[in-house]
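I've put the structures underneath this note.
What follows is a pair of complexes built around subunit A, which joins subunit B in one and subunit C in the other.
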Partner chain A sequence: METRQRHRERVLLGKVPWLLAAPALLALLFLILPLLGLLIRAPWPDAWQVITDDQAVQALRLSLITATVSMLIAMVLGVPLAWLLARSGLPGLGVLRALITVPLVLPPVVGGVALFTILGRSGLLGRPLFELTGFAFPFTPYAVVLAQVFVALPYLVLSVEGALRTADSRYEEAAATLGARPMTVFSRVTLPLIGPGVAAGAVLAWARALGEFGATITFAGNFPGTTRTMPLEVYLALETDPGAALMLSVLLLAVSVLVLVLLRDRWVNRW
Partner chain B sequence: MTRRPHERPDAGLAARICLQRGALRVDLELAVLAGEVVALVGPNGAGKSTVLRALAGLLPLQQGRTMLGSMIMDDVDAGIREPSHRRPVGVVFQDYLLFPHLSVLDNVAFGPRATGASRHDAREKARQALRRVGAAELSTLRPGRISGGQAQRVALARALATDPQLLLLDEPLAALDARTRLMVRGELRRHLADFAGATLVITHDPVDAAVLADRLVVIESGSVVQTGTPTEVARRPRTEYVARLVGLNLMTGTGHGHRVDVAGGGVVHVAAHSEGEMYVAFRPAAVSLFTKRPEGSPRNLWQGRISGLEPHGEGVRVEIGALHLGASILAEVTQAAVADLGLRPGSTVWAGVKASDVEVYPR
Partner chain C sequence: MRARLLRRLFAALTATVLLLGCGAQPKSSVPPAGAGQPATGVIVVLAAASLTEAFQRIGAAFQTSHPGTKINFSFGSSATLAAQIIQGAPADVFAAANEPTMKTVTDHGLAPAAQIFATNTLQIAVPAGNPGGVSGLHDFADASKRIALCAEQVPCGQAAQTIFERAGISPRPDTLESDVKAALQKVRLNEVDAALVYRTDVIAAGADVEGIDFDESATAVNRYPICAVSDSANPLTARAFVDYVVGPDGQAVLSKAGFGSP
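Right after this comes the complex of A and B.
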C-alpha cells in the first residue's frame, strides 16, 4: 500500500511541468544559498571570542528580552483586536483591517519616524508625558519595545484573526447554550480552540520583533546596553569587523531557529 | 392522548416564532408541555433548525414571543430577548460539538461550572450526569477518542447537567451508523422519558420520531402542516410529504357517500361514509397487482403502467403510473410475485384495493 503510494508520488513528481519546476527551484536556491553562505564564510575559529564579547552578549540579552516582552504585549493587545475583527460584526471592520495592515507594508524607518511624532519628547503625546513626569521614550529600552510592538502586532492580529475565522464558531454557540457568558466562552472555548493559531502568531511576532532594525534605530537610537539590539550590533560590526558581523548573524540565526523548533513542539499539535 | 403523570402544562414551552431566513419564511406556533416529547419533523429546508436556533437564543425573532414556564425568553413587541446563556435551555447538537480540548468529564462539567458552581461541585454533578447515561467510564477520555454512540450519550449528559427546562435535540441520531442507531435510539427514549422538562426533537426520520416522541409536529416551508400522535400521523397523513414519510398512498378528493371523486379525475370507493372535502389513504401493501383483469374483483380496480421497481425491506415497491386517477400509486409485493407476474418497468398491470383498506378522513 505504502510503496504504491510512493510510486504514485514519484510519477506525479516526474510530471511537474518545467515552467513551474524551474522558478520553484530558483526560489528555493535563493532562500537557502545566502544562509549557506553565512555558515560557510563565518570565521568559526573566532566564534567563541566574538560570541562572548561583552557588547555582543549585551546586545543579544537586550534583543531576547525586548523581543519576548514585545511578543507578550502583542498577544495581550492583539488577540482581543483579532477577536473584534473576526467576531464582533461591528460596522467599518473592513477599514479597520486595512489600517492594521498599513504597519505591515510600511518601511520600518517610516514607522520609527511616525512613532517619534506621537511619542517623541516633543511628540503629540510625548510632550505632555515629558512635562508631567520628566520621562521620554526615545533612547530607552521602552522605545525599543514600542518600535518592535508596532511592527510585530499586525502579524499576530492577522494570524489570530485567520485562526478565528477557520475555527468552528458553533462550539462557541454550544458553550453559550450551556450557560457560559461571552467572556467565559472566549476564555474557556475560543482561546483553547485557536491556541495553535495564537502560538503561530506569537512566534511570527517574536521573530519579527527580534529582527527589527529600522524603527528601532530611528525611534530608540543606538546606545550600547540600552537600545542597541542584535540587528544593530550586526550592522555596526559589518563596518568595523565583517568577520564578527558574520558570526553574530550565525548566532542570531541559531537562536531564532532554536526558539522556532522548541515552540513548535510545545504549542502546536496539542490534541 | 394519554398524559404522563409528571406532565405539567404550566411549565412547558409556548412559542410563536416568525422570522425570515433567506428565501424561507418561518411562521409557526409551537407548544410542548413539561414532560412531553415532541418531534419536529419536516423535509430539508423546512425550517426545523431555524426553530431550534431561535429557541436556543442563537437567532433573533422578527416577530413573536417564546415563553418557558413563567419566563419570557423572547417578546419582540416588548423588546425582550434573553441571551442564550440565560435561557434554561439545553441543546444536543447534530454533531454533538463536544469541546475537543476538554476531557469528557470537563465537557459535562462545563455547564455547571459556567453557571457558578465550584470546580469540585461541577465535576461531581458531571459524574452523576455521566452515570445516568451510562458513560461514567469515559470521564477521562478526550472526545476525539470516543465513538459516535458514546459521544451522543456524553452530549446528552452535558445538556442535562445544566438542569434545563427545555431540551432541544437536533437530529440526535443522524450522525450514527445503522447498528449503533438502533441501540442508541432505545436508550435515548428511556432518558427522554425520565426528563421532567419539555423536549423538542428535530428529525427527518419517521422511525426516530415514532420511537422518541409522544407527539409529532410536521412542518413544511416554515409552517405547521400536521400535528398528532405518531400513530395518528402515520394513519392519516395530510400532505404528500407526510404520506411519503410514512409510506402511504395519499390523494385528495370530494366525498359522495361511499365514493370519493379524486382531484386527478378518478374515483375511489371507500367503506366509510364520506361527504365533502376528503383525504383518502391506503398502504402500498394493501394493493394487489394482476396482469389480467381479475374476476370477483375488489371494489377499486385501476389499470396502469409500471414506472419503477425498487427493493423495500423484504419485498419490492412498485410504482404504477398512468392510472385513471391522475396520480401514481405505490404497491408493495413479494419478490416471488414480481417473478411470477413478470413485472418490469413498462408492464401494464391492474391494481386492486379493497374499499375496506382505504382510510378516508376530512380535509
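Right after this comes the complex of A and C.
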C-alpha cells in the first residue's frame, strides 16, 4: 500500500513542470535555510549545559504542558464552532467567519492587551472576578493558556471548517433520514469523516500555541516556572547570551519536530 | 557536495559581520554642527526604551534647527539594540541605558569610549490612586502584592537588583519584564500594585502612574552613554545629533524629562 503510493508520487514528480518546481524549491529553501542557520550557528559544545539548565527544563516543561492544554481546549471549543460555521446555515455566518480570523491578523501583543481589557484585574470580566474572589488571571499559568488558546483557536476552527465543507454531507443526511439524532450524526458520522481535518487543525493549534510569544509576554508576564515559556526564555537569553538563545531554539525545534513526527505516525495516519 | 556548498555560503555570510564601534570624540575637539558642512539627510538613532519621550522631543527640535535632516528612531531594550548593531543593523547613533551594554558595542569597534550624556535613578511606580497601598521598598517583599520588576538581564533589572541587595530586601515579583516600558505598562493597566522603573518613565506616564521616592535609589545610578556608530552612512549628521544631545538644548529637554546631568 505504502510502496504503491510512493511509486505513484514518484511518477507524478517526474512530470512536475519546472514552472511549478522552481518556486516550490525556492519556497522550500526559504523555509529550511533559516533552520539550517540555527543548527550551524548553535554552540554545540555548550549544548548539554544549556539544555540541562534548570530554567530551560522548567520553561520547556511549561511550554509543553500549556501548549497541550491549549490544544485540547481549542479542540473542545473549536470543533463545535467549526460545525456551526459549516453546517448550521444560520444567518450572518460570513461576518462570524471574518471575526474568527481577526486573532490571526492581530499582532499577538495587541491580542495580549485585548485580553487584559476583558480578563485583566481591571478588565470587564476580570474586575468582578477579582473583587469577589481575589483571583486574577495575569501572571498565572492560566493566563499563558488563555493567551495561547486565543491565538491558536482560529487555526483549528478554520482547518476543521475546511474539512467539513469538503466532506460529503450526504452521509450525514442519510444517517439523519435513517432516524439518527443530530448529536449521534455528529459523533458517529461527521466526526469520523473529518478526523484528518481535526487532527491537522489540532497539530496546527498545538504548534502555534508552542511558539506563542507576544500575547503571552503581555498578558501572562514573564516569571520562571509560572509563565516563562520557551519562546520567552529564548527572548530573554538573547539579551545576554545569544549562543544560549540559539541552543534553546534548537532544543524547542527538536522537541516540537519529535512530537509532530510521533503524532503523525500514531494518530494522523490512522485515518 | 551540496552540504559543503551550503556550509561555505554560511561561512561567507558570517564573515561579513561588520566590525562596529563608537566614535564619539571629546566635546571640545568637535566644532559645533553647522560651522563647517551643514548636517543633512536621514540618520537612524537606536536608543534605550527609557529615552523614548525625551529623544522624540530632542529629535523634533534637532530637525527644526537643522533643516534637511530626518531622524528615524528605534527604541527598545539596550541589549537588543546592541545585538542588532553587532549583527549589522543600519544605525548611525546608539544611546544605551547603561555602560556595560554600550561596551559590548564599543568592544567590537576601533574608537575610544562613548560619552555619558544623562543619568537616571529608579522610582517606585504605582497605578493612579495607589490601589495596593504601597508605601515603600519593603512592599516589594510582600507576596500578597502584585509586583513587576525588570529581568536581571536588562539594565533596569540590574539596577533593581543592586538596590534590593543594598536595602537587604528579597523582592517577591510576579513577573520579570524584558524592558522597562513593559513593566510600566503593567502599572498603567493597573495589573500590578507596584513596579520599579526609572524616574523618567514615571514622569512620561503622566496621570496614570504615581511615583514614590525611596532613599536607596541613590545607590544605583544608571549612566547613559551615546555615540555615533563608526560605520555610519551619514557620520556628519550623526555627530551633529550626538553634539546636540550633549549640548545645552538636548540637556534642557533631558532634565525636564527627569534625567540627571552627567
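What we mean here is this: the second predicted complex is superposed on the first by the 242 of 271 C-alpha atoms of A that agree within 3 Å, B and C clash if a C-alpha of one lies under 4 Å from a C-alpha of the other, contacts with A are read in each partner's own complex, and residues count from 1 in each chain.
By our rule, a contact is a pair of C-beta atoms (placed from the backbone, for glycine too) under 8 Å apart; a residue touches a chain by one contact, two chains touch by 3 or more.
Keep in mind that this is a model prediction, so the values were computed, not measured.
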{"item": "Subunit A residues touched - subunit C or subunit B, whichever exceeds", "value": "C"}
{"item": "Subunit B versus subunit C as contact partner of A:Arg41, first or second or both or neither", "value": "second"}
{"item": "Touched partner set for A:Phe130, first subunit B, second subunit C, both or neither", "value": "neither"}
{"item": "First, second, both or neither for A:Ala180, with subunit B first and subunit C second", "value": "first"}
{"item": "First (subunit B), second (subunit C), both or neither touched by A:Tyr171", "value": "first"}
{"item": "Parts of subunit B lying in touch with subunit A, wherever the complex brings them together", "value": "56-58, 83-87, 89-91, 93, 97, 99-102, 110-111, 114-115, 142, 144, 158-159, 162"}
{"item": "In the complex, subunit A residues that touch subunit B", "value": "168, 170-171, 173-182, 184, 188-189, 192-193, 195, 270-271"}
{"item": "Interfacial residue positions of subunit A with respect to subunit C in the complex", "value": "33, 36-37, 40-41, 113, 116, 120-122, 136, 138-139, 217-218, 221-224, 227-228, 232, 235-240, 242"}
{"item": "Subunit C to subunit A touching residues, read off their complex", "value": "6-7, 10, 14, 77, 79-80, 83, 146, 148, 151, 153-154, 173-178, 182, 185-186, 189-192"}
